[in-house]
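In what comes next, chain A is part of two complexes: it sits with chain B in the first one and with chain C in the second one.
After this line comes the complex of A and B, so read on.
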């Protein structure tokens, strides 16, 4: 096994580490702790947070890439180890080869036969048009009639294992947190349901395609799982790019006023007056041209897709800082009029120290609210951008690419609904908890923030 | 008032220059005319002559900012910057890379865009306000809390889902309206019905939630308590006191969007085959026609600035306490 570290892998782990550190430091601040307690005191907040953590966990597992060591070629004895060209992730391993069981083309969820008729030879040697059996679905069945009985039997076994896993997961937490005043119970419920579902999906999908297969015969459930990483990363990395720009410019505009303020205001008015989607499209197209003209810089397809993805996050971040910048500027203007900042000035404290000690800590709630709010907006935006053709690389699994590939298939008879359902369902299950959590964070930290319909 | 508007218009000039410079840098400096020629011609047919021919045909065979070869004023005017960017200020959009006149296209496509966007906008506001009022009537009950969660759930659904689901259900399964298309004759409403419906439904989550917070903010004011103390019924409080006062923030919040209606909606138009400006932009992006994208960026930023000015004017109109100076 040989680890492969993509740029986006490194960035996402850095980001998670930074977030953990941030919350660790925040523990010392009694006011912030009180507010977080308020967020987590609601059952809804606890449940939503658990789902988000699960998604982030899957994204992190999918960001641990490696290349498998191949068995040495027959008859050759050498110490050199050869590695697979295919880069796999820990998630691929955990899903037990879900992504390697290809069919020829579309097949419905739990189907045993392909969606399209094909010319086949029957036992007597006559050619007939019929639905060919799938390669991997229901291979252990002797009689197709037994399918649902088989599914039920396997589900029961999977459920038992799922409950065992859930118990393993929850009992230590219960032991540690049984005296806590927070409603951990709702988190444990969600964890239990998620654990059971995960075990069920993995074990059933060894024998059936739970969400069917797509045009290329890939398992739709596997693709939806791969979309998690793209969705989480795009939401997180874009915000990471945006934060330093927005905070630096917003704070300096509000604090120094004068010409600095004029320049920053001019910058964000100019930027926000350009229709966002056009700016993003133009920048992405330009990067595409750059890749096409410099093929040497990105030797493998994976690296090219990764570079395109990071560029997309970068572009999304650079084009979306104006809202946060405006909010931070207004807040800084307000804070710098307050008595304690004036007092600091009178004592001769330097600008840098005032900014670091008095201004920045008081804008953290705005940054936090924007971070959670933007996250869900960006996940939704990814799908739209992929539809427009300026999203992530088609070789990279994403919900947007899935929707884009299957959007006209509903007009078939019978309709192919499973690809779209898989993508929309996984997206919804991430965005809904994120939005609910964002609401709670906003209520706890700043009940007076009000955003217009276009911002929401 | 008049002086204020003139000042705002003057203030818009540096912003438009900034927009122009930014797009120019994006389109010509980062991506040189040679790169454009290569991507337009396709890598197969690239020879130095072919590139030069393409540049000459499309007017890119000039220096970027300053032309040494030409004397006098021509040194500035005979450049790509002048030819492609400064002319936008005179609303001279030139021709697209495929040779069509952009101004004509834009004028022709504005109508269909508005035909979808305007009804969506007006019906959407009406529906959102009604839904929000209903929820506010039941404020601080289980119904209210459930409604907020439903709003958030509606917000969390991808816009693409609303479009694809609407087409599948209304057009394909129920066969009530055509799936897509556009006809500028008496039957036009048939084609508009579904896009407008989808647009309105997709906006309910975010919209109604926003209006609800606005109404609740007004509901906490002293005059509402006074009205209740006088013995006004809840309905009278809602419609005679809260609604008119909440209209001020609603009005100022939505006015900025009015000019943008001309731009149409990228997704709705492309899914429903409406020949408006939204699908025009999408086609331009897909065919990498930078001349059209540049023009649309310029038009979009003008409309945005107009929207900001209209917002300020609507403040004074809706709230007599505000005076512009």
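After this line comes the complex of A and C, so read on.
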């Protein structure tokens, strides 16, 4: 086994580490702690956060890549170990080979036979056209009539294992957090449901295609799971690229004013007057040309796809900073007129220190709110871009690619609805909690939404 | 007059938080009579604004009326359905707010806004409506009303805006007028005119006025009866004359005493000059056009000269926009002087670069007006006080800095555990003490106090002023005290300068300027100061 570290793998782990560190440091600020407590004091916030963490967890598992060692070719005795050309991730292992059970083409969820007729030879040797049986569905069944009974039996077993896993997951938490005032109960419920679903999906998918297969015969559930990493990464990485640009430019424009302000304003006005999609499409195509001209730099297909993907995140980030920049500039303009900044000037505190101690900490709420809100917007942006064909590489699983592939099949009769549904379901389950969580964060951190007797 | 029936009666009114049912206003009874001004006084947070909002049924969602009745004639306003209440508001009861700037709609003309209530409640239209609005504007003292009707709010001064608000309130000839701190946002001279107008209208129109204020001077000058509100209750109610002669409650006595005395003046100080300001001008460029060229300048300070001796307090008095704060900022080096010279202890300090300025930062310090905005909400009090010491290198070691912070907190009479607390945990008065400690931390020779007490309640204001005076006696620090309030000048300042439109119109010893003013503007200012002893 030989680990493979893709650029995006390194970035996602760095990002998660940075976020954990950031929140750990925030704990020291009593005001911030109080506000986070407010976010997590609601059952909704707890549940939404658990779902988001689950998605991030799947994305992290899918980011541990390696190449399997192959058995030495027959008849050759050598100490050299050969590695599979295919890069596998820990998630692929955990899903018990879900991605390796290919069919010929489309098949409906839980189907035993293919969706399209094929020329077959029957036992008598006659050529007939019929729906061929699937290779990896219901192999253990003697009679197709027993299918649902089989599913129910396997589900019961899976559920039992799922409950066991949930207990294993929740009991230590319960022991540690039983005195906590926060509504951990809702989180445990969500964790339990997620654990049961995960175990059920993995065990059932060994015998059936839970969400069917697509045109190329790949399991749709597997593709949707692979889409999680792409979605989470694109949301997080693009924001990460955007944040430093927006914060640096916004704070300097608001603080130094004068020509700095003029330049920054000119920049973002220009940027926001160019149609975003055109700019992104042009940049992606340019990068595609670069990859094609330099094949040596990207040995495997996955590395090519990965480079293209990072370029996309980068471009999305570089083109979307203007809103946050505007907000931060306005806030900095306001803060730099406040007494404590003036007092700091009167004490001769240096510009760097004023920015670091007085201005940045007081714009954190804007950065935080934008980070959480933009995250879901970027996940959706990826879907749109892949749909028009300038998104992530088609070889890389993504919800946008799935939707793009499904669009023409919807007009068939009977319609092929499952690819679209799979992508939609998984995307919805990420974007909805992200949006709910963003709302709660905004309520807690935005001074303008605070109501109460003080406001009266 | 006391036998006459009430126009509006509040009985046993209590207002509570909708969520926790915690009472903010408890068992309040107020009787408003026609032609009489009832003043409700109290500190911020005592529940006076909530009482008035409850009477209008305009409480925010977080609050609700717990019990009580609001009787207007025989009708209980709290029992009316909302639709009927709307005909009462504006028609029978009207309200004017503290800040006319935010209460007027900036994108509508004065005429449209005044006519709005008339259109809602009366059948007046067309020329008759215009005539009515014009006569209303004339009644509230707007000159040339026919022309001003077409103006937008920003084209009028603050005082005129408040007059428009009053005209709007009076449009439908209400019986009750509620005025919530109607003059707090206005300058003293304009405050006087607006209060006189309210008084006159109460007489001529037989209005029952509920005047909410925290200023005892305003009460004395304007009201007929007074109610003192403290922690949600009315603790004392009396006619104005008997209230000021013999208040029954200690708290009322404290409120009256908190007004600074007007006859004890400080003797002049004989010492070497510390600060010399020579013909300083601060002009702000007005940019416009395509390339943001300088088209004109705003003359914020237009040639001011003054000297300040060691250990002396110089009060710089003037209305908002007179340039007094800008002059203070120019001395601090936060604003560049366009012309003139500023000398500190024999050295010219205007136009110094950042590094050279640093040496004087320690010697000149500042206290700002708003204690809430002058502290970084994310820093602990100890760190706030230590910041100046750190950047100016006053105490190098961490231990010595902490010891000094403790000593300073004790000097401004704050408990030592304040150092670990955060600004939002302290009250305005406590925060202003922290600001004083922060300024003292670097041992300055001159402190510029930019309206340090105008954001504070009256009783706290007196404490802070006393603390400042005490520190000056002990340390001999000189102070440039910027204020719009002439009443605090005696007992605080040795000399006074009166500023108007960027110019110093009169300077002199405090006693001379306040007792025998020479410039007509100084006389006008003095006449406008609300006094307790008429």
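The working rule: the second predicted complex is superposed on the first by the 444 of 456 C-alpha atoms of A that agree within 3 Å, B and C clash if a C-alpha of one lies under 4 Å from a C-alpha of the other, contacts with A are read in each partner's own complex, and residues count from 1 in each chain.
To be clear about the criterion, contacts are C-beta pairs under 8 Å (C-beta built on N, C-alpha and C of every residue); 3 or more make two chains touch, one makes a residue touch a chain.
Note that the coordinates shown come from a computational prediction; the quantities given were computed from them, not determined experimentally.
**Q** After the alignment on chain A, I want to confirm one thing: do chain B and chain C clash, or do they fit together?
**A** In the superposition, chain B runs into chain C.
**Q** Looking at A:79 after the superposition, I want to know if it touches chain B, chain C, both of them or none. Which is it: first, second, both, neither?
**A** neither
**Q** If you stack the two complexes on chain A, which partner ends up touching A:31: first (chain B), second (chain C), both, or neither?
**A** Second partner only.
**Q** Examine A:142 and indicate which partner it touches, taking first as chain B and second as chain C; both and neither are also allowed.
**A** A:142 sits against neither chain B nor chain C.
**Q** Does chain A have more residues touched by chain B or by chain C?
**A** B
**Q** Touch check for A:439: first (chain B), second (chain C), both, or neither?
**A** A:439 contacts chain B only, not chain C.
**Q** Could you tell me if A:273 is touching chain B, chain C, both of them or neither one (first, second, both, neither)?
**A** first
**Q** Under the stated touch criterion, which partner chain does A:383 make contact with: chain B (first), chain C (second), both, or neither?
**A** Once the two structures are laid over each other on A, A:383 reaches chain B alone.
**Q** Could you list which residues of chain A make contact with chain B in one structure and with chain C in the other?
**A** 451-453, 456
**Q** Looking at the complex, which residues from chain A come into contact with chain B?
**A** 44, 266-267, 269-275, 277-279, 281-283, 285-286, 289-290, 292-293, 376, 380, 383-384, 387-390, 403, 407, 410-411, 415, 420, 424, 427-428, 431-432, 434-436, 439, 450-454, 456
**Q** Help me check something: in the complex, which residues belonging to chain B touch chain A?
**A** Counting only chain B, the residues touching chain A are 14-15, 18-19, 22-23, 26-27, 30-31, 35-36, 38-39, 43, 148-149, 152-153, 155-161, 164, 167-168, 172, 179, 203, 206-207, 209-210, 213-214, 217, 253-254, 257, 263, 266-267, 281-282, 285-286, 288, 290, 293, 296-297, 300-301, 304-305.
**Q** Which residues of chain A touch chain C in the complex?
**A** Against chain C, chain A makes touches at 29-31, 338-340, 342-350, 353, 357-358, 361-362, 451-453, 455-456.
**Q** Hey, which residues of chain C end up touching chain A in the complex?
**A** On the chain C side, the touching residues are 17, 24, 49-50, 53, 59-63, 332, 334, 354, 357-358, 361-362, 364-366, 368-371, 373-379, 384, 387-388, 391-392, 422, 424, 435, 438, 442.
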